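Here it is, the structure in full.
By written order: A, B, C, D and E. Residues from 1 in each chain.
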Amino acid sequence: MAAFITKRLALTVLVIIVTSIVAFMLVHLSGDPAAAMAGEGATDADIAAVRETYGFNRPLYAQYLDWVAKLLQGDFGRSYYLRMDVGDVLAEHMPITATLGALALGFALLLSVPLGVFAALWPNTMIDRFSLWLAVAGQALPSFLFALGLMYLFGVYLRWLPISGTGSWQNYIMPAIALGYYATPAIMRLTRSGMMDVLQSDHVRTARAYGLSPWRVIIKHSLRHAIIPVVSLAAVQLGFMLGGSIVIETIFSLKGIGYLAWESIQRADIEIIQAILLVIATAYALLTLVADLLNAALDPRIRVS
Amino acid sequence: MANSTNIAPLSPGQLAFRRALRHGGFWTGGLIILVIVLAAIFAPLLTPYDPALQDLTQRYIPPVWSEKGTWDHILGTDNLGRDYFARVLYGTRISLGIGLLTLLISGTIGVSLGIAAGYWGGWPDLVINFLITIRLTLPVVLVALVVVALIGNSLTLLVLVIGLLLWDRFAIVVRSATQQVASREYITSARAIGSSTPRILFREILPNITGPLIVVASIEIAHAILLEAALSFLGLGVQPPQVSWGLMVAEAKSQLMFRPWMIAIPGAALVLLIFAINLVGDTVRDVTTPEGKA
Amino acid sequence: GKDTDTFTWTTSTEMDTPDIYYGNQREALITSYAMCDSLVHRDPVTNEYQPLLATSWKWTDDKTLELELREGVKFHDGTDFDAEDVAYTLNHVAAPDSDMKIRVIVDWIDNVEVVSPTKVVIHAKGPTPAALEYLTGTSPIFPSGHYESAPEVPGANNSTRRDWGAVVPVCTGPYKVTDYQPGQSLTLERNDNYWEGSPKGKPSIGKIVYRTIKDPETQIAELMTGGVDWIWGVPPENAEMLGSMDNLTVVSAPTMRMSFLSLDAAGRTGAGNPMTDVRVRKAVAHAIDREAISKSLVGEGSAVQKSMCVPVQFGCETDVTQYEYDPAKAKALLAEAGYPDGFEIDFFAYRDRAYSEAVLNYLREVGIKANFQFLQWRALRPLIAEDKTPMAHLTFGSNGILDVSASTSYYFKGSSDDYARDDEVRAWLDEGDSTTDPDARKGLYSKALKKIADEAYYLPLFVYGRTYAFNKDLDYPVTPDEMAHFYLAKWK
Amino acid sequence: MDGPILEVAGLRVDIPVDGSTLRPVRRVDLTVGRGETVAIVGESGCGKSLTALSIMGLLPRSARPSSDHVRLKGEDISKASPRRWRKLRGDRIAMIFQDPMTALDPCYRIGDQMVEILRQHRSISRSDAQARAVELLGKVGVPTPEERLSQFPHQLSGGLRQRVMIAMALLCEPELVIADEPTTALDVTIQAQILRLLRDIQRETGIGLVLITHDLGVVAGVADRIVVMYGGEVVETGTCDEVLGAPLHPYTEGLLRSIPVPGETRQGERLGFIPGVVPRQSGEQTSCGFLKRCPYAMAECAGGPVAIRDIAHGRGVRCLLPPDPGARDPGLWTRFETEEVAS
Amino acid sequence: MTSDALIMRGVTRDYPVGTAFGRKQTLRALRGIDLTVGKGRTLGLVGESGCGKSTLAKILLGVEQASSGEVLVEGRPISGYGRLERAGLIQPVFQDPYSSLNPRMTVETLIAAPLAVRGIGDSALRRRRAREMAALVGLPDHLVSSYPSQLSGGQRQRVAIARALIGEPRILICDEPTSALDVSVQSQILNLLHRLKSELDLTMILISHNLAVVHHLADEVAVMYLGQIVESGPSAEVFARPRHPYTEALLKAVLPPRAGVRLPELGLEAEFPSPLRPPSGCAFHPRCRVADGLCAERAPERDGTNHSFRCHHPLGGGDQAAAMTTPETA
């Protein structure tokens, strides 16, 4: 177990190193950050000054090593635009995205797992058809359309929910639904097919052959197995949500990581973009690690060798 | 003595196809896709308008079914007075084209990597798995945005970026499918009768993973189309005078409150296409799972 | 809303700093006007210069400006305003290494000298005709020592530098900052001790909150549902619909942002480039129906731009050659220039895609096949500097400065933005920028602008209009300077 | 009251698939007495498992069982409510499955799984239940049972797992245990041990044991009575010695001829076999199910479904031939087999 | 020496294995195999699941490489053969007829595959040869254009055999060719193999865990235990006089379907050990009824020439193990 965690952490570190290089390259190899930072209406001299101030005229590897050296001291750099330490900026935006992601995932799981279970329990019935239909339709609906639709209906037309901002928990309802809805079909399908498999497996037949009550069989002896791949998928989905909430956060003006990323891309705030790519990669790697550990807790075959 | 003489033998593929034909979803999905593809091909015959032809005197005409609509512009016109029906039709070409082209790129990359990892195992598997992990840690939308925003956008770049980003699912699925197939005894048999590696990969393994491959392809083509739409929505997708549905939604976004049909029309086209692709993919998933596990 | 005496306004931009010296956004300028006073006030309606922190001024020679200062004014932190503050502020930002964003505003200042607590003298580096303009709202006065709290941040090569822009302004204006969340929101509260008799008047509304809402649809949705009280930049096609709602007022006004085509007359992208031929440039000018774009597309508040400057700017000559919409003539000119079937050319743009598309379509109609490349500014800027844009659709807001030296001179004085490279024009502009006599200046600028139009170096298209939509309870003057003077607003 | 523990009469299972109806189990009668081991033998797909599952009420959802009666100690359970079923299963009838690798839930400890079953049926404290589990594990020959309780299934070897399964089956002292191919997945060396264990336990506790297998060798050592199934039907019943010693049904005969026995069959000697394949069991029957594979087939055999014939008490055969194996010509088999190869 | 078709000397095979949470370990599937098969002879290889039978077969087929040791095929090291050359010489029949045939190919293509791989003949010729082979193994002609899913288990196994034989190999390796089949079908396949073996003069390795099957076909028997051959010799002799206690137990474990047979007492203690942690000394000692301290300490060397065994305490000659020939009767 300890060996496993060590190995996984080593892998995570490797992933983060490679991602940091990719992130750095992505950001530095295209366009002129100085031009964007100087803004419209800046003269050539203004831009040159910016280039000098931020050291963009040095060789790339030197800039990269500098960045990494600072990262190792816990210094993410400084946002030229927001005039704050990137660490502080992230600390401000991260919780919002984390909340949004957690709520979205929660919504997705609450909707998809029971649906998947019921669909597997009663295949080819109304509920199965309904959930399949939901899955197919769900995948077909672009999240931005869904988000705009939600906003129009609940925000403008019915006026039940606040439209933008982060003032109260109600602000998170629509974004969480819009974001979580997209993950629902995949989780639902996986739960369903997992449950179908488990329900036909020998040990479930054993459990039934020994007179255990149906719910015990379903929850304790079936769902626990079916949920194992779902845990991994949920971790991946949560990772996607962290990086993929750009559209949703922009629409609902939720100032999370995705929103920050998009804004920063537009104003070439490269320190932030780099940091976000890195943070998301780290979060993703850690999430999958957590999923693995969770799976190990669920399945002793992984845990005890 | 055996009694199966009269039944013409069907290959598993044909059997699956037969089962698919009995599937309502396959018909619905297939029909929608067919109509859309035909519309894309015959767009110039279906509308007299050039999708880029503007007429600033004819802006924001609503579709025929609303009070102020006219038959001249069945689906109305947009902010530059361009015929909306023509734009939807020609938009089909770009949306489908992007889907197919990116599929080609991502499919080639993903299938090659997946097969290599699944068949050889060992260190190629480790390396490819690492590549997949790296790819997964980089959020698609974010990377696409960075690249497109910074390098500038053209259709080629868009296709390349999306294609180079969406190979992960191919690789993952093909890898595990290949692993499964490779552990079968017929692969050992093939090696024992002296088959070359390419022969094993292409004659023995590839035909046996077509089921999952088609499913992933359907998911990824839908994904690519949606991603293009999302990028267009953020203003970084297709460039005029080309039209895509995502771009149309993006351009009509400001009319959400007042002229909702402008979003609804391309939006509905988009949803319908993705829906149909998903339906077909679903059918394939159904009919290729062993015993047609419903 | 009126019930909470809180006025909320929103735009799509995240404010980078409320200190206008270190940021050049409209949002910062609007905020700066509300919370800060400068030496001189320009009336937003009449464009006349009025005394603000300076009670009077005079040029003692063409390089020396003497100002009498107001007494009894207090900063928001309670300290008294005097000449030291003026000298401190202006000397700080005028210093060559001040990192100030738009240097043109302070570059003319050599130093500021304190004569007495109520009197300062500004020594200019040379004759500066636009000096008073520079001393208006774009140059707020902060208490002396203000920038001392600027954080030390890492610069290039392991050095450190001071991030002056990170200091939240303390001013003497009608409102004071009570909360600032970088990139998110800024809250202003009424300064009840604001000095009597200011041309800005006594502030009325208790609290002004700025927040960023990225998505224009979300802005509209919030405005309709009362979540915010004021937005601008409403698309013209939505103006009418919004206006018909009983809780909203919708007004349009012109702005200082001009929209124009940069044509590579100098042959910077290659000598053989069609744009080097004046007939081609004129053809382009005739090909585009600027009237239609301005009227139908850009909407109310917008107007066709006649010359390469904004009419409200000093020295803007509008009586120059005009090219009416005439595609036939355009085609003829193209044929004459040797392009009877048109040609292909790269066409760059970065803002308001629909407008660029309209231009694109007009060009296609006369046979100019433009390959459209819509880029982020940061990607386009280097291309412009590196001689790669034969044709670009650009816009410019003159940094809010009402003087041609900020617009025409910016584009035609040989910088990397200059795709005309006409030495004669450049000489006239140089002279105009350093002459103090208004009439002489006007003459020089007129000559330059006439030649620019004759040669069709750049093709001015239209001046942006802006449509404002706000809460009906709000009594607030919409002004033609693309500004929002919220300190003038009241609830009805 | 020493009546049979289990009486099954006229059991049938229909499974609708794609328009037609499969009839994998038809006309199955079965009686298990106290302390008796009844073996159901037959080749793959002949309906053994489905028979067992329908006695347990565990048929797949799509299957439709029907029967004259299924009596457990006189109580007709074929029409019992699901609730009643749950009371019976694991308490009065228990089942041992073929593959001990998968039949235990890999996620829970052996002890927890046993305790869970016990506490489902008995109101008993955890520790008592655990004690009982330890006792039973010891009884089925699991070394150091206390330690095993806290182990997971995958930590045990196949043989041990099967022992655990047997212990689980015995937890509530059931009257009837159905073992569906309990040794097929095990190595030959383990098979003998498990069979011994089953036999010893059955002798000791006097439960009724239904042993399902396709291996006639397994049957020989363990069973009291044999029920031979073919194509969903019972074709022959009798005591172990009767069926193995003097098979009446041509199918049983063919089966026995095809098994090489070291020391009896010579090396390389041509083995007997049954030509043809098992027909698909769908639709109504119009002839003897074995007709096409039978060397002794007569015109009457095609006349309609054949009824089971009682030869003696507990001895029955579903065949129209005279019940005298000595009178048949084994040469017919050889000729029949040669035809098959030639065709 | 040249009359030996196959020789293995000290062959080992290691697999690196690692569980998700565990450390990397080495699993030694074969632990020094010495084996000789004469031309035209049939060797029966028996042993419990996991003892390495299939691994051995794969090494002979060239599908896996030995980690150490020497494998000679017709006098030449197996690594010296080209891919096609080797395939022309050695062919396999696998255990599971359901997974050893590619479900996407017709019977005809499947049977002709070895020819196609080697580029022999045109497609018409290949088809004709495939039909001939089908006839040889007793597959009805109408089945040649079917797909494997439409065949029964026995028919599939016939296809596998036909495919193995079409290239006229000299060595056939059958890895549990009948263990997935019903007895009534098994006997047909055994008959077929027996007929082909003499008709085509094949050298054959028959792998099985069922001694009865091996007894029926093999000229020689090798008994494997945990990656080692513990006893080998002429079939008749090994069956009549097993020297190794494990062989004896295996013989006893055969349950003949005869009335009145008692369940045998095998005298095996524990269970088959994990190849990851082989016991010390003689790998069989934890289960052996005659083992003593010596067995736990030192692994026995190979003993005997024609009928060889690895045991410190071999069972005496004599009639002690006539067990086999007359099943224990009640």
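Note that contacts are C-beta pairs under 8 Å (C-beta built on N, C-alpha and C of every residue); 3 or more make two chains touch, one makes a residue touch a chain.
Nothing here was measured: the structure is a model prediction, and the numbers come from that model.
Counted as hops between touching chains, the shortest connection from subunit A to subunit D is 1. Common neighbours of subunit A and subunit C under the contact rule above are B.
Of the two chain pairs examined here, B-C and D-E, it is D-E that is joined by more C-beta pairs in contact.
A centroid comparison over C-alpha atoms places C as the chain most distant from subunit E. Compared with subunit D, the chain whose C-alpha mean position is the greatest distance off is C. Distance from the subunit B centre to the subunit E centre is 49 Å, each centre being the mean of its Cα atoms. Centroid to centroid, with C-alpha atoms defining each point, subunit C and subunit D lie 91 Å apart. With each centre defined as the average position of its C-alpha atoms, the distance from subunit B to subunit D rounds to 52 Å.
Separating the centre of subunit A from that of subunit B, both taken as means of CA atoms, is a distance of 23 Å. Within subunit D, the positions touching two or more other chains are listed as 277, 343. In subunit B, the residues touching two or more other chains are 1-2, 149-151, 253, 256-257.
Within subunit A, residues 30-31, 148, 152, 156, 250, 262, 266, 268 each touch two or more of the remaining chains. Listed in rising order, the residues of subunit B touching subunit A in the complex are 25, 130, 133-134, 136-143, 145-147, 149-151, 219, 222, 226, 229-230, 233-234, 246, 249, 253, 256-257, 260, 263, 267, 270-272, 274-275, 278-279, 282, 293-294.
Taken in their complex, subunit D has these residues touching subunit E: 43-44, 157-160, 187-193, 195-196, 199, 214-222, 240-242, 244-245, 254-256, 258-265, 267-274, 277, 341, 343. Subunit C meets subunit A in the complex at residues 14, 16-17, 24, 99, 101-103, 153-157, 161, 163, 165-166, 181-184, 211-215, 217-218, 221-222, 224-225, 227, 376-379, 381-382, 385, 396-399, 410, 415-417.
For subunit C in complex with subunit B, the residues that touch the partner chain are 216-217, 220-221, 224, 235, 237-238, 241, 289, 292-293, 296-297, 353-354, 357-358, 360-361, 364, 372-376, 378-379.
Subunit E meets subunit D in the complex at residues 48-49, 138, 140, 152, 154, 182-188, 190-191, 194, 209-213, 215-218, 235-236, 239, 249-266, 268, 271-272, 324-327.
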